[in-house]
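Just below sit the structures, each encoded as structure tokens.
Here chain A shows up in two complexes: once beside chain B, once beside chain C.
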Partner chain A sequence: MKRLLFALSLLLLCGCAREVSPVSGLALDRIGDQYRMTAEIVRQDSLDAAAAPAYLSATGRDLPELLRGIERVLGNELYLDHAQVLLIDEEVASDGILELADYLCQHEDMRLSLRIAVVRGGDAAALMQQDDEVFALSDLLDLAAEQHTLPDMPLYRVTEVLHADGTAILPALKIDEFKQIAPAGVAVFANEKLSCYLDGDMEDGLDA
Partner chain B sequence: MREKMFPRWGAALFALLPLSEILYCPVDQQTGYAAILASLITALICSGAALLPPTVRKLNFMSWLLAICALWPLIQSLSRMTAFVRQTVFPERSLWGLVFALTLSAILIARIGLIRCAMWSLPVFVTAGLLIALSGALTISDLHISYLQAPMWSLGVQCGRFLRVILPCALVISLSLPEQMPGAAARGMAIGGALLSLISLRTALLLGSHTAALLAYPNFVAAGLASVGDFARHGEVFFALPLLLCDLGRAAALGCVVLQPVRKIASKKAVKRHA
Partner chain C sequence: MEEIVFTTNLEQNIRLMQEIFQGDNTLVVRRAQSPHGLTCAAFFFDGMVNGIAINQSIVRPIVSSTFRRATAEELAQTILQINDSRVETDNNKLFASFLYGDTVIFTEGESRPVVVNTKGFALRSASEPENERVLSGPREGFTECFMPNLALIRRRLNDKRLKFTFLRIGTRTNTVVCLCYLDGVCEHKLIGEIKKRLSQIDPDSILDSNYLSERIRDHRWSPFPTMGTTERPDVVAARLVEGRCAIIVDGSPVVLTAPYLLQECFQSNDDYYVNFLQANLSRILRLTGFVFSVCVPAVYVALMLYHRELVPARLLFAVSAAQRGVPLPSGWETLLMLFVLEALKEAGARTPGAMGQTMSIVGGLVLGQAAVSARFAAAPTVIVVAIAGVTGLMVPKLQTAALYLRFGLLAAAAAYGLYGVGIAMALVLAWLCNMHSFSIPYLLNLVPRVGIEHEDAYLRAPWFFMRHDRFPVKKEDRHH
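Coming up: the complex of A and B.
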């Protein structure tokens, strides 16, 4: 009897395995009055092959619509648990990031250790696609945070400080003259919006 | 041979009650204080209740009353476990399938009796305690002491919330134990309460109260930030498993209380038939 009940309970729990695509990074740009999200998806075609990134984009008015759009293009479910970086362009940062941070915190698949960085003077998607190595961006941000060259601000800390007084600092990145990703100072947020950069270089930044 | 309950088993069973709250309780800077206060109040009341004479505790009326009182905390345990498992592990599975599986597990464990439930709660408690300590130790360098707040009046509200969940369950179990164990109730509740308090404090100092308020399961999510380099990044899974077992142990102990009067009737009928 016990075995029968056990087997029955196992039957109730089993189901088809979901096909998911692991995401290693996301980039969010504003295009006119819409947003464009680009996801860096980890593809590994065989066991011996190295993991390579693939990029998919979708446009929409809010984050749920953007994520649904990418899933529609991809044909299966996005697995956001491995996402380690979210890049945002200056326009998104200037709109305010509190709503974005709240949404990401409450998303059941997103990890709170996700790092958000502002892309200075360019497209977030273009910067993410600059490097063809998976997790290269997150390694760069982790290392910079360890060496204190960029602020160590994972998602949970950003959300906390934005809620506390609306101010936050985030790492800024850019594509340098050698077409490589490089740290570009610190983006300062006041009233949840990008206010200025802290390295004193204002020519491609915003007004202080 | 008559089965005997050792005090350390009883203490472990009582310690499971605050521990089973860890996964579900909302967290802010006052939660740590509220948890320990509520656990100490419960320990005091349960120690007093455990001194009730055995003649009163063995009354038929008493066992029926306790069985009825155990039903609500039992349903509460099963429903919150189902919601947690569905939201975190099995979002695609049917709700009723999970309810059935968890209820079945609780009933099967409850059938072994309260003494054996208490015996099994000792290894569960030790495992949960060690993993809580490990999870706390791995995140200690990320804690923000500036988030720490002195106790405030608002902790009374949270203390009341904890008391509403822990006290009825602890009281029912305390009055249903086959032996008087005031010391075990006090020790178990104090140790379990201290662990609940420390892990809630860890979450508050790690995430901050605003971020924690956004999360459905803040202690669980905070445990996910405990990692050893690139290895074991999903610390929350190791953290949640023994705590789910704690809640299952709680549900099983309450199930034992619910089954007690039925068992009494069954054993009386068996004696009559034998005679």
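Coming up: the complex of A and C.
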């Protein structure tokens, strides 16, 4: 009987009781010769309260270092399974995104449906912090993809097309004159690097 | 038991009876003498007999008799004016009848007693069983009294092939057990098997049908029932018509039926008394309810501990918020809340009616608001446990199985996540496939096969589609 109780205790102690800090979005900027990663972490303190975003940033030379840096600030494990959006600034896009896409694809927690968008003419972190509603960005990108105003390019598709011939199109976003996040055309990638932007509606069949 | 020998001397016989039942103050000895010289003594137990029958059918005929002396046969056949009287020479049968409310009469000059059926103890009315209520349909239920129970069955099956075979089991209680079946409909092999099992047991006492059921059923360690129980005569009649056997135990309102298949656990009496569309909807709900009752806590724990990525984001945020500040991991927390639920159920079942309401209010507060407010448990855990508790009540026949499965799957989920739940469920299914009840596969009609008509398995076919000779099993289906 004692053995049975002991075994039962062991069984039920399995599984971690970690307090998760779910990440809803990431922003990647290049600052000089380093990168800065900003994570939008969802905080909801009670069932009655609304989920609110909190932002944490870290600088580093590569993605693992950046993620570890944020975890150090957070004092907890980053929970990336529900991350919906990755924003990159023009400089990161110009450096090439294949390596970034490959790393994210291979990351055990990251969803392949993660959407990557380029921030046109501005700071990716600033754009992410523009809206204080959780998942506002991913909702915007989902709607735009549905309405064909921006390309529907989840992570797996971006990686696939980049590996095929190095060209891809990604949605571009900007902060407009009303200080709102708005679609800003399509970022075109050639040889895995940002090449130019296309403006206008995507109804002519540019969406992938 | 030392042999008892009665003599032709009435006074000696009276002394002998008083010696045998020395210390039993309920024994009554009624001497009766006619003016012509016939002297008799009637023995009966106070409270067990019908006093009017004794006065009118025994005492009065003896007192007014013109016989000077009478043999036992004359007493039984000519003098006594009662429908059921016999000369009894077998002492075992004599005392069995006597102890059960019959009156024993000795007459002067005769060593053989006459036994007269004068049973007349207080009976409960054949009211509707509490735990087998129906929305419509017959509302009679069995009582603790044996013969009226048999009458309730016979009233529903006016068939000359209906057989009631009596056995006596229990060295102390000497309980009458009746094996009931429809000859020609029920297979002889099944009747033989039940008789064999009943003859192989040798209990001291049989005070309820469960004393028998646990001894003779297949898979005695399994929480899944392999013998049916019911308190309703209409259910017994339906099962007899389907070729099953019933075992009625004296003193118990619960009648056993065999064989018993898993599909019967999901059947309700109302399924047959209301429109088939409504009945099938209820049955689907019960099937779903059982699955929910068993799986919901385990799946919740597995998702919370191992597979948070499967939870929709917004739901996860809410659950995480609710879990903030709760001291225990989800597995322990769910286990604890399930334990509280079971404790409340047990307390509710044992509490007298007046206190039951207080219990449920306190229980509701402890389980719900207070536990959540005190951060003792997370609100989603309370909801999950409540779902498991409520849905568990939908299939009362499987409550024990559901309880064990719930805790088993919970442990598997806490240890190995959804993989553990999947493996545990596969093992349970394999175990069920291996089970049988009186040679009939336990999952008969529930697992897909070729050439079987599922008239009353997952769904109940309309009565106009149902065959009249619904045997539960064909010969080739028997498990050998």
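By definition in this document, the second predicted complex is superposed on the first by the 184 of 208 C-alpha atoms of A that agree within 3 Å, B and C clash if a C-alpha of one lies under 4 Å from a C-alpha of the other, contacts with A are read in each partner's own complex, and residues count from 1 in each chain.
By our rule, a contact is a pair of C-beta atoms (placed from the backbone, for glycine too) under 8 Å apart; a residue touches a chain by one contact, two chains touch by 3 or more.
If you're wondering where the values come from, they're calculated on a predicted model, not measured in any experiment.
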item: Which superposed partner A:30 touches (first chain B, second chain C, both, neither); value: neither
item: Partner chain(s) touched by A:160 [first = chain B, second = chain C, both, neither]; value: first
item: Which of chain B and chain C A:22 touches, first, second, both or neither; value: second
item: Touching partner for A:44 - first (chain B), second (chain C), both, neither; value: second
item: Touching partner for A:79 - first (chain B), second (chain C), both, neither; value: second
item: First (chain B), second (chain C), both or neither touched by A:108; value: first
item: Chain A positions touched by chain B in one structure and by chain C in the second; value: 12-13, 15, 111
item: Sites on chain B touched by chain A in the complex; value: 87-88, 90-94, 97-98, 100-101, 104-105, 108, 206-211, 214-215, 221, 224-225
item: In the complex with chain C, residue positions of chain A that touch it; value: 8, 11-17, 19-20, 22, 24, 42, 44-47, 49, 51, 79, 81-82, 84, 109, 111, 134-135
item: Complex interface listing, chain C residues touching chain A; value: 301, 304-306, 308-309, 313-314, 316-318, 320-324, 328-332, 335, 379, 410-412, 414-417
item: Chain B-touching residues of chain A, taken from the complex the two chains share; value: 2, 5, 9, 12-13, 15, 18, 102, 105-106, 108, 111-113, 156-157, 159-160, 163-164
